[in-house]
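Listed after this line are the structures, all set down as structure tokens.
Next come two complexes built around chain A: one with chain B, the other with chain C.
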Partner chain A sequence: MSETSTAALIHDVRWEIDYRVRLGRAWSRFMRGLRDRKLLASTCDHCDRTYLPPQSYCEACYEPITRWQECEPVGTLRTATIVYQGFDGGPQAPYAVGAIEIDGTHSLLMHFVGGVDLSDVDAARKALRGGVRVRAVWADERTAAITDIAHFAVAPAQP
Partner chain B sequence: MSSTPVPPDGDAAADGSTTDPVAEPVTIQGHWDFGYTYFAGASASRFFNELRLNQRIMGTHCPTCDRVLVPARGFCDACYVEIDEWREVGTEGTLDSFTILTTSFPGLPEPPTVVGYVTLDGASTALLNAVHGIDLHDFDEAGALLLTQPRVRVVFSDKCEGRITDFAFELVAADA
Partner chain C sequence: MRDHAVIAGVGFTEATSPRRQELSKNELCRLAVDRALEHAGCDRRDIDVVIIGDIAGFEASSVAARTIAPALGLPPYTTVLPICTGGTTGGHLPNQAAALIRAGFAQRVLCVAPNTFDGPVDLQAVINTNSPMVMEQPLGMGAVHMGAFFPAAYQERYGVTDADFELLATKNRENADHNPFAHVTSALSAEHAARMVSTPLRLGMVCPVSSGAIALVVGAESVVGGQAGHPVARITAAQSISDGYLGGKRRDFSTFEVVEVMARRAYREAQVVDPRSEFDVVELFNPYAPMEFMLMEAFGLCPYGGAPELLRKGVTRYGGDLPVNLSGGIQCTNPGVAGQISPVAHIATQLMGQATARQVEGARRGLAHSTGGTFFQFHTATVLERVDL
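Moving on to the complex of A and B:
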């Protein structure tokens, strides 16, 4: 006879990993642009889709992309989540993360969303609804990293 | 306009940037160091306990679509219905897909190693685990053999602890 155990299985796990990510052509240029306070996007010659973060291949046409634009660092928040459970090495919770469609692009950039009081959950949810306008806030120290943008600030509500 | 053209790729120097993104890519240094407690959930707990106590591979049968999901899951991912009908599946199966790992990773066995997706006899879904006993002196030769989707069998380790490493796959034909 076999024995059946439905006892909860729990493992303690520890991750300790050093790594390096070598960015490709498009992301390297994108990151260096951020260092110079420039938001660079790539545009497909065939379908005119503009990608931010940029891509070296069009995901719709599968064609290589070499055309670039500099975008105004403003866009529309399409969706967001509020993170209440922090993560080792990450920002202090609570913080908000959003998917941002930069004006003139056809893609979404994930980044921190700031300028919203997260202590009032209901008010924060309203402030972070899809469709609100956001603007990049540049970090003072920039090192060609995604955090060269400190966060995207929600524009103050129109009176 | 909200965007202004900048020089195309290959002409990056023209916009004042003297750095060629291909010749000098941006490199990000990363360091992860964290601990956590993993709770397998009700179905996976029983799946792993079955490995430890009975050395058998268990799936759950979905009455709606008649598939046997392996490893066992508490919900059918096609029908979204709760499933709790447990079935033991075979200890032989077909290697559907594989990869040969050539880079070391903390906590994993020294490369080169093979991991593969195997659909065990009686199962409707594939199970990922190590494939042992493959001659990896010549990767092309090893790949050609594994691409034939050979039959494999489950081999349990001597000491089962309720982990996926309690078993591995090996070729059935190896000793035929």
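Moving on to the complex of A and C:
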């Protein structure tokens, strides 16, 4: 006779499933632009809002968007977080992620922020305050993905 | 005749860490349901509709309602409504129940909020599927990192210090000490709590992964109100709102702009004129402690940037005139969909005079909020009022 236990009995269940995601026209054009070191935004014909990431319709007035423009890959950091505890399969911590307003756009682009020493938390938090200017650093190998930008580097302080 | 919707019964199970949970999902939900039905003085055969919450991808099988519904002992003709909005599913359950009852479609609705976070071996891997794929997911943002953007911006805009956030997190853990259904309490070591996860969030400000279930009986006031044998909680406002999907759609992370809009709608519906003086008790969804400050402000409970001062003055503590998260909040207990419904469940028991945590004497009106999804895409608000029948 086996002993009766009330401890939890747990079985592993595993599904191994891969997915394919079609990016659509606007995001495909955007990602292929990144491969060519071009940052492409789209501007609403109706209300002049400029979207980056671009989109093929305007969220504000729901008009279709046909105007595209290349942006200088510079902008202003609005908010950032410095990650000291990442996750399995993610980048090696510490790293910083920010919300960046590319000049001339009306949306925020989320991306890695680099060029700051993260070993000292307090100094790094001061360096990554809102308002800091940043510029895209292109990845050497580009595959038409958001990571074709390696990160946005904080511009060195003006003398 | 249109009838009010009231919460007549609340059933909690104890929250534990997932590895200590001995009950299956069905057993746990049945336990919560049995307690809610008993509390409401309601027979399970009288239930018209059961609404069961779910979060896609969080179960080993899709749509948990398929397995849970048959395990509840309900009549075979009971309507089963699964709800899955991802984050904030739980907040939608009582609101949808109220909609069905007010419309005259149902008289007794059972809301089941299962333990949703204890299935995945690596919860973080599943939560990462919540991050906007293709555009933002490859950028090292898990749930906590997405959550960190808000307090980072809030802190910078209003000059709120790390110490203010830590004081808030400590207040909530002390509240949890008095809640038998809480998971993390002030037993959490200071060293553990101080560990930086993603600036400005430290481990003590971040919710645990909990296992537990909550059920509610929501009914037509004229039908169930007199059966409970205790005061019931009338739902006087049930609102929801959504924000953009990409994080970059927020534009300004220092406020929850959409919550301000939702609050105005809820206050109009419930005829609340001055929320600061008219609410006796408030539960705001705070998987990351600093959100409590930001939500208090978006709900108009104080001016923008003014919430830390209310905490320091003791206004939002037990004994203050606007106690917030007396349950300890989500920061201390987060069992997924059960966590999302818990603000409503805790406010309901406060108004019944049967608080799970410390009771606010004579509490008559309360506010419950829930949120979730990518960069807090979805929010719900429920205003509740005590009814003596």
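In the analysis below, the second predicted complex is superposed on the first by the 142 of 159 C-alpha atoms of A that agree within 3 Å, B and C clash if a C-alpha of one lies under 4 Å from a C-alpha of the other, contacts with A are read in each partner's own complex, and residues count from 1 in each chain.
Methods note: contacts are C-beta pairs under 8 Å (C-beta built on N, C-alpha and C of every residue); 3 or more make two chains touch, one makes a residue touch a chain.
Quantities reported herein were computed from a predicted structural model and do not represent experimental measurements.
Applying the stated contact rule after C-alpha superposition, one finds that A:85 touches chain C and leaves chain B untouched. When the two complexes are overlaid on their common chain A, residue A:23 makes contact with chain B and with chain C alike.
Once chain A of one complex is fitted onto chain A of the other, the partner contacts of A:6 extend to both chain B and chain C. More chain A residues lie in contact with B than with the other chain of the pair chain B and chain C. In the superposed model, A:145 lies in contact with both chain B and chain C.
Contact with chain B, but none with chain C, is seen for A:103 once the two complexes are overlaid on the shared chain. Overlap of the chain B and chain C interfaces on chain A comprises residues 6-8, 12-13, 15, 21, 23, 27, 87-89, 145.
By the touch criterion stated above, chain A contacts chain B in their complex at residues 2-29, 31-33, 36, 38, 40-41, 50, 56, 65-72, 74, 87-89, 103-105, 144-145. Residues of chain C that touch chain A in their complex: 19-22, 60, 121-122, 124-125, 128, 133-136, 138-142, 144-145, 148-149, 152-153, 156, 195-201, 244, 246-254. Residue ranges of chain B in contact with chain A, taken from their complex: 1-10, 12, 16-17, 19, 21-22, 24-40, 42, 44-46, 48-50, 53-54, 56, 105-106, 162-163.
Those residues of chain A whose C-beta lies close enough to touch chain C in the complex are 6-8, 12-13, 15, 21, 23, 27, 53, 59, 78-91, 95, 97, 99, 107-112, 121, 124-125, 129-130, 145-147.
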